[in-house]
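These notes open a run of structures that come right after.
One chain, chain A, appears in both complexes that follow, with chain B as partner in the first and chain C in the second.
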Partner chain A sequence: FRKTHLSGFFSAGIHSKLTKDGSLIFQSKSTDIHQNLALEDWIETNVDLTNRRLFLLWRSHAAVVIGRHQNPWAECDLGAMWRAGVPLARRRSGGGTVYHDMGNLNLTFFSCRKLYDRQRNLKVVTEALRRARPELDVRATERLDIVLNGKYKISGSASRLSRKASYHHCTLLHSADGSALQSVLRPSTPGIHSNATPSVVSSVTNLTDHAPSLTWEELTQALSNLSYAPYFGLSSPLSLLDPSDESLFPGIGCMASELRSWDWTFGKTPKFTIETELSLSDDLTLEHTTAQLHIELKNGLISSIVITVQDQWLQQTLINELCDVLTGERFCPHRVAAAVSTLIKSEQDETQRRLHKLSNTVISVMG
Partner chain B sequence: ATRSDFSSLWSIETAAVFVLFVCVPRVWFLNFFKGTLKFTDKHEWVRVEGSIGTVGISNYAQEALGDVVYCGLPEVGQKLEQMEEFGALESVKAASELYSPLTGEVSEINTELAENPGLVNKDCYGEGWLIKMSIEKPEELDGLMDQSAYDKFVKSLED
Partner chain C sequence: MLSRSRCLTRNLGRSLSVIRQGNKVFSRQATAALSTSHGVIYNKSLNSQPRSSVFQIQYFRTSAAYRDDVVTVKTPAFAESVTEGDVRWEKAVGDTVTEDEVVCEIETDKTSVQVPSPAAGVIEELLVPDGGKVEGGTPLFKLRKGAGAPKAAEAPKVEAPPTASPPPPPSPTSPPPSIVGPIPTTMPPVPPVPAHAMAAKPVSAIKPTPAPAAPVAQTEGVVKGARTESRVKMNRMRLRIAQRLKEAQNTCAMLTTFNEVDMSNISEMRKSYKDAFLKKHNIKLGFMSAFVKAAAYALSDQPAVNAVIDDTTKEIVYRDYVDISVAVATPKGLVVPVIRNVEGMNFADIEKAINLLGEKARKNELAVEDMDGGTFTISNGGVFGSMFGTPIINPPQSAILGMHGIFDRPVAIGGKVEIRPMMYVALTYDHRLIDGREAVTFLRKIKSVVEDPRVLLLDM
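Our next item is the complex of A and B:
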């Protein structure tokens, strides 16, 4: 589907919305994180951005979004997310981890590589905010964050460069749920050693905490009314598009499926190791011990696992059997629980109890 | 022919080779010894040494990318088609896909880049190499740009 469906995209309805200078501002109807990320990918892959500027506004229901080369176990609490029904998405751009919900506005600036200029894009945003609320002190930093009053982050950026196209997207905190954000943006797993891109933790705030009268509609209006940005040159009216419409965006369903897949979301995690101590106690006899856990992970799969238990709490041969069963499995609690169940059932009494305990403790490390 | 004839021939040859190597411009000299560089329009280079191609990104690419902070490279043994995405570089500016210049199989990856991704910026034609691969279709090399064609290409982008 690469670069072959321009006519599909520029069908009658859409083409008429393009201004003379080939710019287009639109808003996504979807609030599904994977569908919106797929929309960004579709545009970047299929639209010839030479002499065109596209600007997209979108938001999604609660989700955690990690950067291209990040480690989800290090960045977010997968167990808490699972219990709260908050999905995880890995985007194709770089950068750090963010929490999205309906109080967070996402802005994506598409251009050809030549015209890629993130500082200019952020200037458009800060100027739109200042027009809407002149009393707000908003500034873009060198790290391409936008900060309020010099210290609270209200926006972070990430971007992607490919063959000829580029996109730069950023978040904008209007009225996001601060406590939900804090509860999910912490590691699942202790003892991770990795060279994956880490997030830079910042204090965040919502625009509405400082300008309570700023409604969502006013914010989107201020940002889409970019005719006042002469150097950006966008002046077309806002169009509403449905990114699940295959007739407008042929092949987008496939792209969204890839983004939803385990292989993309977890399998693309750069290789890492876990080195941590486990605390074990027999539920019946209360006999207590510790164990050293060392796991090597590649493509989200356990490539090697070594458990060393003190005090002969459990036979080493059995522990090694457990490790053999786990090698090659996805680093996922459900998968691992299923894999070890047969081994546990084949044992009895104290051995079974302790093996079960050890397995559960190892599983809890997975988030 | 006598032994002395051969030895005088040998010394003429030696002298000619010596002169050639000293007098010829340094870039040509390096290319001749290190293997000629060929370039793609996505700013990757490949250097052929025997049946193996070493792949990296050009100076234009590393400058455009900014400081590389992470290199996502393929596995050894992975088969690649020409133009297939084989990895990504993440820099302070963006995440950028890497495209295979040729069809072949990955024989080696530059493990130095895990600890030191900045090598891609510091020495993009040398220590910042990304992967080595077998060359399944040598005819694909004919479709790539040589140094002067690539220099012209880069100049056209900057205009």
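Our next item is the complex of A and C:
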């Protein structure tokens, strides 16, 4: 990030919105996950939060968001996501994996480090919900989740503490697509051994499953109407922000592209290994065998790969060549396919067939 | 050499004036500068200094050049009575950091906390492994304070000049074209499959493809006149490509026939229809589709060019389908995405197929199958400005069409000289299978289709 000076960069637009003391409530116009995450980062980096609290509401089209130190291959099914056109984003705060869509409301509480208090923030949410629907039993847990009726999770939290500022954001399941959620939030491939932050799986439910009459507008209204919340001061009107407006948020485009880059999304994965067994069969002769696959990955790149095939199904020297070609590549099916195609082309008949089969099987491990 | 001494004298002037001021800190660092520089120039000047300064210099000359403090940075206290977290390293041992730069992040209870460096320096040791657990107060890492790289604002940058060989540039930029030939090193990782002229190159051009940019960049960094060599081992992929190309050359009786194509009609057709085409099909109309279609038409007409010799069984394999590979250069080598069954496609279908391949590549769905096989290859050297050249056959095929650049040339039309946009095309073929007459007829057919697409309608 580039630290920018407050005075130099605030345009008249934002400045006039900032009241002298107390809070500011914003809603993002964007439904692009990377733009919204970049907006959070921009506010945290560029706004002087010493005497201010900011509250941001936003939502995005279908996307999977993993925590800063998580392993995407372990947390979500990348192949399923690619087929469904669901993008992956890595946020800068810690915590676990969430599924975002237009039925999932996101709330971000910005404050300086001294005033960082997540339980207080969640209280704002639970009180707003209780006001809107007093019959719902919503409670914040010690783990900073919000549970409905004592057992279903409707909100999870994550936060980030930087040198001066902090933010705490949480989700709120209003009417998310439950089946889509379940289909993508599973590992891409078996056999992953990693010390990345794991997600804690919980049963979830939507607010609308228990209070069908609660509309999106009513929910956002209840949350932004914080006049009753003593720690938020006077209520201020909900302002709409456009995160794609570079004049209001100079440098935000750059932040968004960094978040979209492969090096951030996948390259920031902590070191991990994959240890699994492959089942191989020759398409023509139907000769069957198994192989042991051991891959070590660092920064999303294959740092070492060892394949041991049983029964002399394929020459070991050729297998080693395949491993050589794959070493140093991104753990990404496309890149790998380009690399191996030349190797395969130079073989013939049975060797080619089997090598092709082995490559495809290895590639399928990548999600 | 001149610039070096100029720099030194400038620094010397600065350090001398600083010594005169008598400021201890500055003089210590200035002395550091003096002590690491060449002795000759300074000795003379030193003698001319007032005695007090000379004493100061003599006193400090024996001390170390830089302040050598090593601090141990501890885990900051966590917020909200959280007790422990996991460390995730951003920097490694040996990395230089500035004050306040993030060295690691600690993840505690779904919160990611940044740990900045207390001062500028070099990371000496990481005391906790990546992912290890820490509590508030646990020692995290050791930082050696002071400038690891010339970053101290006060001391003049005298570390750089005295070193005989300047360090290689921190970020090797792409080497100049003169060294590596017309291969754009900024090629995107995905084989770019635009609707118009493909960013491809003839297989023959693979050989000068740069090995990793590093060794070339190193030659950039070395001072002019230093005649060093650097040896890079050929990687397996390159060895294999080299082997295959030589095998192809040894088995095939390769030769090339040329022709030139008048691009005026096709350019004009493209100009007239490109907007309407974009509107209807939602993709751009390029030149590639014309050549692909022309090749498919000619291949159906001359089946020998679409066939291949099977050396093991000594048979000629004729194929009734036409799969055209378009050669594309990627950082990892040549890939040849294939358009299948081109014989039944029209221009719009071909453009869509090319577009689809590009989409698949972008969405990471391109499989090994998509990039292999093919009965004929087209390669476009024209994108790089090539005028004329001999492509090399991509085994196990029998022929390859090379497209070159379109240049305005004076040609004789009806007894008069006119300027027309002309392109040279080359067909390299396996003479064991295809004889001269067939090859020339084939190429002429491609020429006639591209020069006048109506030939396709009339089946001429």
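Here is the rule we use: the second predicted complex is superposed on the first by the 346 of 367 C-alpha atoms of A that agree within 3 Å, B and C clash if a C-alpha of one lies under 4 Å from a C-alpha of the other, contacts with A are read in each partner's own complex, and residues count from 1 in each chain.
The definition used in the following text is that a contact is a pair of C-beta atoms (placed from the backbone, for glycine too) under 8 Å apart; a residue touches a chain by one contact, two chains touch by 3 or more.
For clarity, every value in this text was computed on a predicted model and none was experimentally measured.
Colleague: Given the superposition on chain A, are chain B and chain C in a clash or a fit?
Modeller: These partners clash in the superposed model.
Colleague: Please indicate which partner A:R160 is in contact with in the superposed arrangement: first for chain B, second for chain C, both, or neither.
Modeller: Touch partners of A:R160: chain B and chain C.
Colleague: Under the stated touch criterion, which partner chain does A:V325 make contact with: chain B (first), chain C (second), both, or neither?
Modeller: In the superposition, A:V325 touches chain C alone.
Colleague: In the superposed arrangement, does A:L219 touch chain B (first), chain C (second), both or neither?
Modeller: neither
Colleague: So, does A:V340 touch the first partner chain B, the second partner chain C, both, or neither?
Modeller: second
Colleague: Please determine whether it is chain B or chain C that touches the greater number of chain A residues.
Modeller: The partner with more contacted residues on chain A is C.
Colleague: So, does A:V124 touch the first partner chain B, the second partner chain C, both, or neither?
Modeller: Once the two structures are laid over each other on A, A:V124 reaches no partner at all.
Colleague: Check the residue A:L314 against both partner chains and state whether it touches chain B (first), chain C (second), both, or neither.
Modeller: neither
Colleague: Who does A:G94 touch here: chain B (first), chain C (second), both, or neither?
Modeller: Touch status of A:G94: both partners.
Colleague: Thinking of the overlay built on chain A, is A:S359 touched by chain B (first), by chain C (second), by both, or by neither?
Modeller: Second partner only, chain C.
Colleague: When you line up both complexes on chain A, which piece of chain C, out of 145-153, 307-315 or 325-333, runs into chain B?
Modeller: 145-153
Colleague: Across the two complexes, find the residues of chain A that touch chain B and also touch chain C.
Modeller: Dual-contact residues (chain A): 67-69, 92-95, 113, 116, 118, 158-163, 195-197, 270.
Colleague: Over in the complex, which chain C residues touch chain A? Could you list them?
Modeller: Going by the criterion above, the answer is residues 79-80, 86, 88, 100, 105, 107-114, 116, 130-131, 189-191, 235-237, 240-241, 243-244, 312, 330, 332-335, 361, 363-368, 370-372, 395.
Colleague: What does chain A use to touch chain C in their complex?
Modeller: Those residues of chain A that touch chain C are 67-69, 82, 92-96, 113, 116-119, 144, 156-163, 195-197, 270-271, 321, 324-325, 329, 332-335, 337-346, 348, 356, 359-360, 363.
Colleague: Once bound in the complex, which stretches of chain A touch chain B?
Modeller: 67-69, 92-95, 113-114, 116, 118, 158-163, 166, 168, 195-197, 270
Colleague: Please give the residue numbers of chain B that touch chain A in the complex, ascending.
Modeller: 42, 64-65, 69-70, 72, 88, 90-91, 93-97, 99, 114-115, 157
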